[in-house]
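Each of the next two complexes has chain A plus one other chain: chain B in the first, chain C in the second.
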Partner chain A sequence: MNTESRSFWRRHRDALIAYSIIGPFALWFLLTIGIPLVAGILLAFFKWNGMPVMPEWVGLRNFSFFFNSNEYLSSIWKQLFIGGLCLIFNMLISFGLASLFNIPIRGKGLLRTAYYLPNIAAVSATVAVVVALLIPHGGGLNGLLTKLGLEPIIWSYSAGWMIFWVVVFYVWRNTGPLAIIWLAGLQSIDPTLYEAAKVDGANRLQLLRYVTLPGLRGIAAFNFIREIIGVMQMYDIVMLMTSGGPNGSTDVLMYRIYRDGLKSYNFGMAGASSVILGLLTVLITLVYLRLFLKEEK
Partner chain B sequence: MLTQYDKIGKVKPLLAVAMAVSLTAGLTACGGNNEPSQQSNGAASPSASNAATESASPVEQAKLTVVGNGWDDASMEKSEADAKEAGIEVSDYNYLARKKVEADYPNYEVDWQNWGWAEQLDQKQRAAFISGSYPDIVHGETFMTTYAREGILEPLPQDIVDMVNPNFLVTNADGVPVAVSPKGNVFLLFYNKDLLKDAGIDPETVKLDTWADWQAASDQVTAAGNGKVFGGGIPSHPHLGGAFRVYPFLNALGGSWGGGDEVTLNTPEMAQTLEFVRAMDKNFPKGIGNGTDEGALYNMFEKDKTIAFVVNGTWQAAGAKNNNINYGVVQLPKADNGQSGNVLVGFDYYGVPAKSTNKEAAFNVIRDLVAKDVQIEFAIGTVTPPANKEALAEASVIDSNPILKSAIDAMSSGEIPALPVYDQNDSQIWDVINTKVIAATTMTSKSVEDILKIGQSEAEKYLKQ
Partner chain C sequence: MKKLGRWLALAVLLLGAVVMIYPFLFSLLAGMTRRQEFQNLGEMLPLPKDPTFQAYRSIFTTGLIRPFFNTLLRSLWYAFVISGFSVMMGYVLSRLRFKGRTFFLYFIICANMIPGVLTLIPTYIEMARIPFLGGNDWTGFGGSGLINHPAILYVLLSPASAVWIFLFRQTMDSLPRDYEEAAYMDGSTFMNTIVRIIVPIQRPIIATIFLNMAIVTWNDFMTPFIYINNLKYTTLPGYVGTLVAALQQVGDRDYPQIFALSTISVLPPVLIFLFLQRYIVQGFANAGIKG
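So, the complex of A and B:
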């Protein structure tokens, strides 16, 4: 090794070590996220059916079709509405659960595991159970209603009921992991703050308002962003439970993207819808962060 | 000037990346039985398709990759284990074909692949086309029509075309057969004789020749059932399970839903069909005929024995037999015009990609798949109509089961349509047909006229995007 290269190594030693550590991860990121992201965005400007034929450049035609189609526009609203309900209930219920997990009771480890389990089970298998329960004639829920002397409900005819069950299933499946993150936040709050507040005469509600919630602000931001991304990508439950019905009332945008891309092989339309959904997700996240940071200041 | 293929060659790496990226989510989500194998072309001489009409000699060497439904090693073992447990012979067509190929062409080195079914299979095959790793045989259901239309598949040798009933073929844009299914099915009307008897109908003399006959019998069972037993009607599930069962009735009136660059929903024939579907739905408990889970309906027929009539393929025979149902079966009732209708269902088409370098050997595998002896064994063992014309006419097949006879009669009675495939936004158009037309007919009280008008307009918009 000559003097020049030795001095290059000495001068850049730390940087080279750092790059050699992050290099493989950066490459992995580029291959699995960077290139797919760019390819997905590019697809939005082409018409291509996934066959070995030349993709046709169509410019903004896919976006124009999107914004001139009531079905696509309403599916954004359905994604926001159903996703919004999932998010709100999941955030609230998981916070309640985390508070419960935080109480020093016997068997709380078992309780935490029990709430986490639905997230491990396959969506397809667990949705099949819900679908079986909702069968109008001979299904478990209507059987129960009949035993209670109530009229059976034809769940699948009602948009309201089907949205309700989608939300219930989503919350049931996702509340455990979120509760664990809340719990980590709760346990990171300095206990002396509670003791000081108690000395100052704070009641339980005031402890929550002035100690717990401010202490969880960072965790809340993380959970919110995580949930926003989750609900904006939610389609599997809809696909398996309602197939977008009744009459398209649960046909969320992500389910349309799935059908456009992997069933109709209309990659252009799937790309355009994905770009719009992605931008919307980023926009909501930015608005939230702006509000959050403003409050922080 | 660059030709279309030159241009494709130049952008192939980009296409491959885009396809891989776009399909990653789907493939990883679906999982799979086997990974697509390495391209294994090369040993056989790349013969022209007309040369393939001559069968290869058994000593000829060939190395090929063939994608099928149940001829990979794991499926073969499972078929053998299942048959052993049930104390029967294996009658799966893929199993029988592989055994025959191994006996007929011992020098073929075949990589027997199974890439799953439906979207998962389609995704893997398209990814193989894009990457240039063409298997020597591809297969599947309706998407084979798309491959045919795109010119991916090599025309079938004439001897294979001549071997099979034309209903089992898929043609390309020029009308040339390019794929063949070793099996297929049509719909029949099954009924529970005991339930008919309970409703005061003699099951041995019941008239089920026309729509009106069937409706009268079904109404009578529902009326006598007091909310516990139902006659049954035409399912209108918000997925293809409904479309498959509605289409035969539309076909009986001479109607269709178009296909390719045309969609025809708002027609007088469709209006008449939907009125009948709506009238017959009263013979289902609410939410059963149009539920997302069609299993509930067939459970009521097979296990609960609370539905008297079901429209189904020959596979219903096994369910009825296993559940000790005293059942009868007839052809689907005729419309008022005296015409009967049906639709092709349960097909698994096999074709050879034009880019395969082992076409001759691949066609030999397909020849064995539709060979008479394989087809007879498969048809009798599974109660499913075979493609081979001689097997369809074979007395041992026809006499083996009355249900198989009914299906073969229907299959042999003329040209039966398949559900249409649309050039553009196929899945979105099917969603309109399934949910906003068929299911909406029985789930809402909207007029059929309005349903069809909205459906037509929405489907056309997708088709013309």
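So, the complex of A and C:
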């Protein structure tokens, strides 16, 4: 090796090592996420059913179909509604749990394990329990209702109840880990702040409002963004528990995208819906961050 | 007063814990019932009158051992590859100075936030139309590409994996450079330094990445559910997913079979969690604080 190339190696050593490590990952990312991301956005402007013919350019017609169709519009509303319920209850319950975990009690470690456990099991394996409990004749819940002298309920005929059970399952599965993050946040707040506020005569509610919540702002942003992205694309629970029913009342947009794309090969509409749902997700995240950053000033 | 509050808190937490554990117990017991018995049971806790392990045994007799090993292999693959990339890239992004470093950092942070909805359908099309694979010609048509192909379980990348690279970089940033610099002084090469110095020091965080990746991969039933329609190539949670989805249709139901398979598919991650949870939970909380 001559000196010139050796000094080239030495001069660019860091960069060469860095690129040779980042390169393969970036390539992998490009092939399995980058290309689909761009292709998905392009798909929204075409009409294509996957056959080996050129996709037909339709401009914004997929989008105008979306906004003129009650079915799609109500799907997006259902995603927001059911997702919103999941998010709100998950946030409140996990925060309550974290506050309880913050109290010094014995046996906390074991309890924490129990709350984390649902997240360690696959959705497909645990959702079956809810499905079985809701069997109209011979299911556990109706058996219980009959024993209590109440009328059994045909759960799968009632939109309200099915939404309720979807939310229950979502919270059951996701609340433990969220509580752990809240707890880490609660414990990172400087205890002297509480002491100082107490000296100033703050009551419990004021402590929460002026010490705890401001101290949790960063954690809250992290949790909210995580949850927003999560619930806006939630469809696995719906698919396995209700398959969109009864009468499409739990047919969230993400489930519709899944069916448009992978069952009826209507790639154009799947693409347009994906772009709309993706943009909406980003928009909600930005609005949240905007509000949150504003308060910081 | 303070004591009463504590007891109350404990009571609420205990009650909640029962709710958290209950489905696991239900699943375990329901797997021991008989088919006719379960359908007419009407109990919140399906205690079998005459417990049978037939449904549990069926994993050995009906060829389900193969999906089990597929799940295992897939979990190990992603656990190894993503921990490897996290260590190497986290190190590089923390220690080396090169053009595009800031860009890659932002890239990693943003990648983590890409909504999966945008890539679900196009990724499927790409995998189906990939040239020269699965009977496809050079234009990508003629066959089915990687759909229903065993390799599909190993080639996809989840944008969420980027969070681990970021987490490792954060941990590297808070580690003094003295150790590596001493090694470099003694003439250690780049790879040697990472393997001999960095990996041992950062063992806890690597355990976090490895275990979390393994569990998340194990539980990802959607990928096999979407891409694979063959018992030989699917994973256990994926197969359970197809069985549960079929419950929405009219037809024969074998609940004990579903619950036995659910229980078996839940068991490995739960056992790992019970023994190694300090790595899993700690890393998760750290991701929250640092992220």
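The criterion applied here is as follows: the second predicted complex is superposed on the first by the 261 of 297 C-alpha atoms of A that agree within 3 Å, B and C clash if a C-alpha of one lies under 4 Å from a C-alpha of the other, contacts with A are read in each partner's own complex, and residues count from 1 in each chain.
One rule holds in what follows: a contact is a pair of C-beta atoms (placed from the backbone, for glycine too) under 8 Å apart; a residue touches a chain by one contact, two chains touch by 3 or more.
The structure displayed is predicted, hence computed values, not measured ones.
J.: Following the superposition defined at the top, how do chain B and chain C come out on chain A, clash or fit?
T.: clash
J.: Which partner chains sit in contact with A:Ile219 here, chain B, chain C, both or neither? Use first/second/both/neither.
T.: second
J.: Using the touch criterion from the header, give the chain among chain B and chain C with more contacted residues in chain A.
T.: After superposition, C is the partner touching more of chain A.
J.: Considering only the touch criterion stated at the top, classify A:Ser243 as touching first (chain B), second (chain C), both, or neither.
T.: both
J.: For A:Ala132, select first, second, both or neither according to whether it touches chain B, chain C, the two together, or no partner.
T.: Both partners, chain B and chain C.
J.: For A:Leu186, select first, second, both or neither according to whether it touches chain B, chain C, the two together, or no partner.
T.: neither
J.: Between chain B and chain C, whom does A:Leu262 touch in the aligned arrangement: first, second, both, or neither?
T.: Both partners.
J.: Does chain B (first) or chain C (second) touch A:Pro118, or do both, or does neither?
T.: second
J.: Quick check on the superposed pair: does A:Ala39 touch chain B, chain C, both, or neither? Answer first, second, both or neither.
T.: Both partners, chain B and chain C.
J.: Who does A:Gly50 touch here: chain B (first), chain C (second), both, or neither?
T.: both
J.: Go through the superposed model and pick first if A:Pro177 touches only chain B, second if only chain C, both, or neither.
T.: In the superposed model, A:Pro177 contacts chain C only, not chain B.
J.: Which one hits chain C, of these parts of chain B: 57-65, 93-101 or 129-137?
T.: The answer is stretch 129-137.
J.: For chain A, which residues belong to both interfaces, chain B and chain C?
T.: Shared contact residues on chain A: 35-36, 39-40, 43, 50, 52, 131-132, 135, 137-139, 242-243, 260-262, 267, 270.
J.: For the complex, which residues does chain A have touching chain B?
T.: Residue positions touching the partner: 35-36, 39-40, 42-43, 48-55, 65, 69, 71, 131-132, 135-139, 154-157, 241-248, 251, 256, 259-267, 269-270.
J.: Of all residues in chain B, which touch chain A in the complex?
T.: 4, 7-8, 11-12, 15, 17-19, 21-26, 119, 123, 126, 129-130, 132, 146-147, 150, 152, 238-239, 285-288, 290-293, 296, 299-300, 304, 424-428, 431, 434-436, 439-440, 443-444, 458, 461, 465
J.: Taking the touch rule as given, give the residues of chain C at its contact with chain A in the complex, in rising order.
T.: Residues 5-6, 9-10, 12-14, 16-17, 19-21, 23-24, 26-27, 30, 38-46, 85, 88-89, 92-93, 96-99, 101, 104, 111, 113-126, 128, 139, 141, 155-157, 159, 190, 215, 218-222, 225-226, 237-238, 240-241, 243-245, 247-248, 255, 258-259, 261-263, 265-266, 269-270, 273-274, 277, 281, 284-286, 288-289, 291 of chain C touch chain A in their complex.
J.: Would you tell me which residues of chain A are touching chain C in their complex?
T.: 14-15, 17-19, 21-22, 25, 28-29, 32-33, 35-37, 39-41, 43, 50, 52, 97, 100-101, 103-107, 111-118, 120-133, 135, 137-144, 146, 172, 176-177, 180-181, 183-185, 188, 218-219, 222-223, 225, 229, 232-233, 236, 239-240, 242-243, 254, 257-258, 260-262, 267, 270-271, 274-275, 277-278, 281-282, 285
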